[in-house]
Amino acid sequence: MIEEGERLLLVGEKREYYVKAGAGELGTDLGTLDLSTLVGASPGDVIRTHKDVAFTILRPRPTDFFTHARRSGAPMLPKDIGMVIAYTGMNRRDEVLDAGTGSGIAAIYFGNIARKVVTCEVRPEFAALARKNVESAGLENVEVRACDVLEAGGQYDVVHLDMGLSAAHVEHAYTLLKPGGYLASYTPFLEHTFIVLDAAQSLFRDVHAYECMERELVRSGRGTRPSTRVGHSGYITVARK
Amino acid sequence: MIEEGERLLLVGEKREYYVKAGAGELGTDLGTLDLSTLVGASPGDVIRTHKDVAFTILRPRPTDFFTHARRSGAPMLPKDIGMVIAYTGMNRRDEVLDAGTGSGIAAIYFGNIARKVVTCEVRPEFAALARKNVESAGLENVEVRACDVLEAGGQYDVVHLDMGLSAAHVEHAYTLLKPGGYLASYTPFLEHTFIVLDAAQSLFRDVHAYECMERELVRSGRGTRPSTRVGHSGYITVARK
Amino acid sequence: MIEEGERLLLVGEKREYYVKAGAGELGTDLGTLDLSTLVGASPGDVIRTHKDVAFTILRPRPTDFFTHARRSGAPMLPKDIGMVIAYTGMNRRDEVLDAGTGSGIAAIYFGNIARKVVTCEVRPEFAALARKNVESAGLENVEVRACDVLEAGGQYDVVHLDMGLSAAHVEHAYTLLKPGGYLASYTPFLEHTFIVLDAAQSLFRDVHAYECMERELVRSGRGTRPSTRVGHSGYITVARK
Amino acid sequence: MIEEGERLLLVGEKREYYVKAGAGELGTDLGTLDLSTLVGASPGDVIRTHKDVAFTILRPRPTDFFTHARRSGAPMLPKDIGMVIAYTGMNRRDEVLDAGTGSGIAAIYFGNIARKVVTCEVRPEFAALARKNVESAGLENVEVRACDVLEAGGQYDVVHLDMGLSAAHVEHAYTLLKPGGYLASYTPFLEHTFIVLDAAQSLFRDVHAYECMERELVRSGRGTRPSTRVGHSGYITVARK
């Protein structure tokens, strides 16, 4: 049963809306939706506009924030977020430090898995946008800080860096990690990947840089063939304390 | 503080051991370790064999099971497990049905993230081995069933299939999913990927098949170059109810 | 020394023109070029427009036809043409049958290497365009035929097919090849690649299908990273008689 | 009709031999072959050992030298040789300078296409081996020089470098090229590729570095899937004078 204030996804044939259950209306070009009728409904139920156009009610999943979050730049792609999660073994018990929040997409993915996420963003306007996205994702365990990660303290299971990086960031990440914890960095350029690899090599164990080249297999009436939407995004470097 | 019965990783210069804290000894070729001294120690502390060889004490992370679990065949690779997690948005609140358990590596990754995992394996001896691996990972929320997934009931947020697949499996997965839930299948061969895509297309929304080609960037004294350890593992097909 | 009637490339800072040495003028937005002054000049010399804008005179190479030929559709890419040449060992002594001429780019590459190329194109208007491109490339050893390859006879060292393919085409290619000769086909879709592989398997030796995923390494002030302009073009299947 | 002294390939069900037509015998574990009977035969004919085991007679193609040449190290792969040929537009009229001969595989491919190939190899024993391979390939237009390429003079249409490279090599290559000619280098490591790109950028036009990731599509009774035999070989950098 859906409660007042729950964030929901309304999925129609051609459009999707991300709304809050409770008093209020949503005007669409397919008619008006009465959002108070969502309270008490169940996921999978259908709600109709005053023009009788149907929308299915769904509880949003982290994947929906990739589509619906407000963006301040190009976010990390699911393939790369998946690499970070799998290679660090991110889990329910973890405390995660994320830096280079951007619009907060990665922090929201991590916050849906880990116990606690602190994410640092130096640009205050980006931090403010990310805070709105986190709030709209209903995550109370993700804290957005408008700060430089080099000033951050504490002890974490995973430190994730998606930002301009120097050796100092790698060294500081080491001090922020619990024994056995993982650093994972995301760097679009080879030169920055080299900096991370070289700085990590002398401090960490099991240092590896990976690239995930994703291809979709597209199947149509003409036939099936691979398709590359994104040729290169970045390198994921993983190192263990 | 480490408690009696906790599973721990002892990391030496050249060897790693996966042990349980408490009464008992571990004989190694570098000397004997007294496991009772682990109780009360802290992660990051050092324990020494009677020959004074040092091992660092760590709490294991899901990544360690990729290395230390007993295997019944080739497990899914972290890159592919990461794709499943990211594209389904797997999270702390999820109930996950996994089928084709194998040695249970994927189920252990999922069990470290999701609230509850049920994993089905038709071969009883594989199911028994997976059960030992799950127990050794200390996961009480992962249930290994020696059964055919086509007999499974219930409602799940994510259904993950890593096994010989027919259209019937895709159709049954649909009935097992909550509204908005995701099917993710792993298929090494193109023909099976086509079967999943075609069966999913008429039932599900947002049907996509992906391949993640992973390359490591290897940096040595001679220079830096990409290295492909695994050329192709399988296709991940994702579909949403 | 450049002779009357030679085809030449005039390369300026921002523009390139493909011209014929001899009487006549070329009007450009940077001024008029007197093409008769090209006769007697040498490659590498500079010619100037009446506005004193400089163009370097070069003898064109096969790569220039990839840029300057008139196109009737998407031509095969250099990476794929290179695979065909290398895997068939195409050489100076060869007689090549090409089918699915299109605008003739592949036939022009082959004609610059082999002794004789016959290329078949069923669509008469495409054959006419290809004939113009071949003539403009100055190749007298490339014959463009407006015909169905299934009607072609003769004996060739290499048969190259870039067109809609059935098992009948593979079987006919076998009859057109000298002992030890190679069939090479180009097929964008997996299904057509399967047809070629299956038909070739029972007739030919050394049957292999390859894909060449090309990435450019792009180096700028910001750093160096791979870039994928074309994600997938097609599969090259090679089989030896 | 096969003439005395011609190099031939004898292809059996399980073995291949590379022989010279004329007086002499070849002893194999399947019986003895009388090589004088090859004179006057035709490609495609069958020759039998004294134990009545059949071998088909074929004229060798450049691809056969990839298999049958004596090797002094890992040769360039066909995919990379194809990239060099296609991106330089190598053709019948070309004079090619090749450096870093190794066992001569690339020089043999080029010699089968171009009018003249000079190939430089600093290690005299490698040069001697390459000379034997070239002779055995029957190529009179390929000259193997035991020298440092920095000492080479002349004017070429294509300069190909497959060796340890410095900026000096790129600059010297520029002086060796005719106007409009191409430099193509092969470098396994990123660092060397950067050196070539940076040195070429200020001298040449159209500077590009490419990587060709080749995958074979393997089709068996179990299904079809990609297979990567060689994950990374090297980068091909192409630049035009």
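In order of appearance the chains are A, B, C and D, and numbering begins at 1 in each one.
Just so it is clear, a residue touches a chain if its C-beta (ideal position, glycine included) is under 8 Å from a C-beta of that chain, and two chains touch if they have at least 3 such contacts.
Values in this document were obtained by computation on a predicted structure and should not be read as measured data.
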Rigid-body rotation angle, chain D and chain C, from Cα fit (steps of 5°): 180
Farthest chain relative to chain A (centres taken as mean CA coordinates): D
Inter-chain centre distance, chain A versus chain B - centres from mean C-alpha coordinates, in Å: 21
Rounded Å distance, chain B centre to chain C centre (Cα mean): 49
Chain centre separation in whole Å, for chain C relative to chain A (CA means): 46
Chain B: positions in contact with at least two other chains: 190, 215, 224, 226
Interchain contacts, given as pairs of chains that touch: A-B, A-C, B-D, C-D
Sites on chain C touched by chain A in the complex: 188-192, 213, 215, 222-229, 231-232
Residue ranges of chain C in contact with chain D within the complex: 9, 11, 43-44, 56-64, 78-79, 81-92, 109, 112-113, 157, 178-180, 182, 190, 193-194, 197-198, 205, 208-217, 219, 224, 226, 235
